[in-house]
């Protein structure tokens, strides 16, 4: 019997061809961004599009990197987003586990509330959240920004992970209990590993959501030394003086890199390690 | 204990075996408490404030001076009498339906595709998806505007070359209601599919391959296997992804604003854009709060049935 | 809060904070008597925060102001550069806190909304002292004045003029810049016949460019909106405005590409269009020349020229004055220091030497602008000529909403593209103006 029993039979070369075509189509705008970033500025606009940069040039990247405070903003982004991902993972895993593997009073209310709070349009909440944070003194702090991001991602993550927890049969826990594992061990050594794919999907979502946020970071942070990378990216657009598209595209490429790296690091874990019939123990 | 012999749908315990050996009822509360505290402070408190403000005339002046007036339900009555609001509501429902259908169907297709690929091609496809997802909105909106630019747009150029629709070189997509929606739809779906695809894919990998293998060996076609075997198991996740999509697409703002600004005129103004244009751009927070709350209620009403089903589908565990 | 009490509180607060004794005058006088901006050097160890918009001032200019400020007061300055995207949200939220920035660089189209809603400090009693003998440019000081009270100090101005490719024009047989509309049109005809390429626009004017479109309306005697007795009335349906709108449509359709009818100046970036040789003329502000040359380094100063867009009615078209003003937060904790800083930034010395001399902007007063115009290189003279006839957007706090919703852009682009007739478009836009400007 297969161990990692999920992807045992591939669909053959036609399927791969379709997949590659789709991948090409999907990545085209990204490719266009890269293409523009590598073009010398004067080639950026032409009636007949140039699909490949004439000779590619790194000038735009150089311009981008030397623009306002790249290093500082990068550092702030890494700190804030890193913390957000870790905290939301920790909090979310336990909350989702609690909501699915246990019954207790108020469970249903809690679950529905967590879903309903996501229905309020986020743009409407910017000012009220600002006012609340101002009162508690969280403005301008890393903690405040992390909490603001948690507001965006935590409910979402809990619900998604709930789905993954639900797919784990009761028997798995019971087997563990029979083996004498404590509640804590059952959670951390048995249950959590089985929902890793769900955790990975939500972590990527959390990373991207927090990494790309501009308005909250810009409004909540009080000192330009604390601005995050999206603010750096915004500096490439000036309404009056026109936009240097090529450099803006180069900056966007640089901006997207950490996300891609983060993803590549995790992507193998997107596949469940759960094999048919195997009950760990 | 084999999973193949019983009708064992994960999430549903077979009758009789669903017992809950639960010790200290404290444990779940402890586990959920940190999340609840965070959500209470950073989400609930602002929502309560927003609800309160919707009954006042809170605006920019109030932000500076702290002065505001009680307005009772005036904000709401005014809103419900505004025909532009109703037009925006209808538009939002229709557009959300189109977005969710597109994202979920395409996302499911990609998820299925990913299960049938070898490692290399699968990695290529997932990386492409993530690249699309990760692209910052400022860049994707610029590229999108570029692609559909009258005169220089690549999409215009390519479509003209296809010779199906005629010469599209000078079409201004954002100046026509339907074309603008098409462009916005493409932009949103393009960035929404990756998450749906990856989540569904992750869920698919939790399904034992033996089940689909057995069906295939028995001669069932792919389509049949999908509907009879995979979908029933996938249903909770599928429902979940759909409802989250509905919530997110109902409230989407950025992409619409950046492509068409709600125009031409008001023809692509969904509720989010309407709220921004009538209230938030001028910081009429009280008015905006009323719109936001009505939007929330509408969304909750629409999704109520699905939410109930979603909650129930996980409850028998 | 009655004016008198406010002034007492302000001055009492000022006195109390830094313990000034003899210098400040008038703390017990009536509200209409002018006050002098406090001067003093007892603020060592204090720091004020100044918010500057990206690309508005060079570091050198800011350093010059700061140096003089520190010399005079002993206090230091923390300059924070802000991005344009989301700036109204950022400023609004910041001004609502108890520790806002002390001095803010506010665009002149935005300052009215902050002033009218109580976010900025009332500077009326300091006006005379802040003016330092100068007559401020109307387009800068009008938006900063609400109900007769002054809320910000003019910083600098930018005007729009035509930037044209001299070399291209010379090749087409045009040897000097036009001074009348008919000269301009015949020049453009010559340029067109010399360039028969498909996507060439003799004069690139995107349909959404309302800053330039309004020039036609103003030249014909119309205006966006007028106010009387506190009520605003949209002005696009008046015969003068209609005449101006028709002239704009005719000009735009004749000389700019079809694709440009519904576009704005940023996508594609009109500087890039110019730099790539796809047009021979655009209308833009002072800063555009540097951008054009960055996009195409082979365009030297000798290849370029500027002139103010002539009015068919005679003279030059009134231009919309862009620019910014310095506001002081109403809740600032360092108001008197902020006042001193703003006074220095607006002083004739700084304006002449740095704002104009180094940054190339149009200074904040008519005297300085005239003086600058006499010394300005021929290349940028067009901007200064244009600035002499300037208008501003309606000084209503709600104007920012019209801009923010892009209603004004869409109005002009629907006229340029013919999507709506001039009369219909004007009617519906006036409706929007009436509704929005009179709200709240």
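Order of writing sets the chain letters: A, B and C. Residues in each chain are counted from 1.
Heads up, the rule we're going with is that contacts are C-beta pairs under 8 Å (C-beta built on N, C-alpha and C of every residue); 3 or more make two chains touch, one makes a residue touch a chain.
Note that this is a predicted model, so its numbers are computed, not measured.
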{"item": "Shared chain contacts [subunit A and subunit C, defined touch]", "value": "B"}
{"item": "Relative to subunit B, chain with the most remote C-alpha centre", "value": "C"}
{"item": "Chain pair with the greatest number of C-beta contact pairs", "value": "A-B"}
{"item": "Gap in Å, rounded to a whole number, between the CA centres of subunit C and subunit B", "value": "41"}
{"item": "Inter-chain centre distance, subunit A versus subunit B - centres from mean C-alpha coordinates, in Å", "value": "15"}
{"item": "Residues of subunit B whose C-beta touches two or more other chains", "value": "63, 142, 146, 151-152, 276, 283"}
{"item": "Subunit C: positions in contact with at least two other chains", "value": "93, 96, 199, 268"}
{"item": "Shared interface positions of subunit A, touching two or more other chains", "value": "45-47, 127, 131, 214, 234, 237, 243, 245"}
{"item": "In the complex with subunit B, residue positions of subunit A that touch it", "value": "1-2, 5-11, 15-16, 18-20, 22-24, 26-27, 29-30, 32-33, 36, 45-49, 91-92, 94-95, 97-104, 107-108, 110-112, 114-125, 127-129, 131-132, 136, 147-148, 150-151, 154-156, 158-160, 162-164, 166-171, 177, 183, 197-198, 200-201, 204-205, 208, 211-212, 214, 230, 233-234, 237, 243, 245, 248-249, 252, 255-256, 259-260, 263-264, 267, 270-272, 274-277, 279"}
{"item": "Of subunit C, residues touching subunit A in the complex", "value": "54-55, 80-86, 89-90, 93-94, 96-97, 158, 198-199, 265-266, 268-273, 275-276, 278, 285, 287-288, 290-291, 294-296, 322"}
{"item": "Interfacial residue positions of subunit A with respect to subunit C in the complex", "value": "41-42, 44-47, 68, 126-127, 130-131, 134, 139, 214-215, 218-219, 222-224, 231, 234-235, 237-245"}
{"item": "List of subunit B residues in touch with subunit A within their complex", "value": "1-4, 8, 10-11, 13, 17-18, 20-23, 25, 27-29, 31-32, 34-36, 38-39, 41-47, 49-50, 53, 63, 110, 113, 115-118, 121-140, 142-144, 146-147, 151-152, 154, 157, 190, 193, 195, 198-199, 201-211, 213, 216, 233, 236-237, 240, 243-244, 247, 250-251, 253, 271-272, 275-276, 280, 283, 285, 288-289, 291-293, 295-296, 299-300, 303, 307, 311, 313-315, 317"}
{"item": "Interfacial residue positions of subunit B with respect to subunit C in the complex", "value": "59-61, 63-65, 142, 145-146, 149-152, 170, 172, 174-175, 261-265, 276-277, 281-284"}
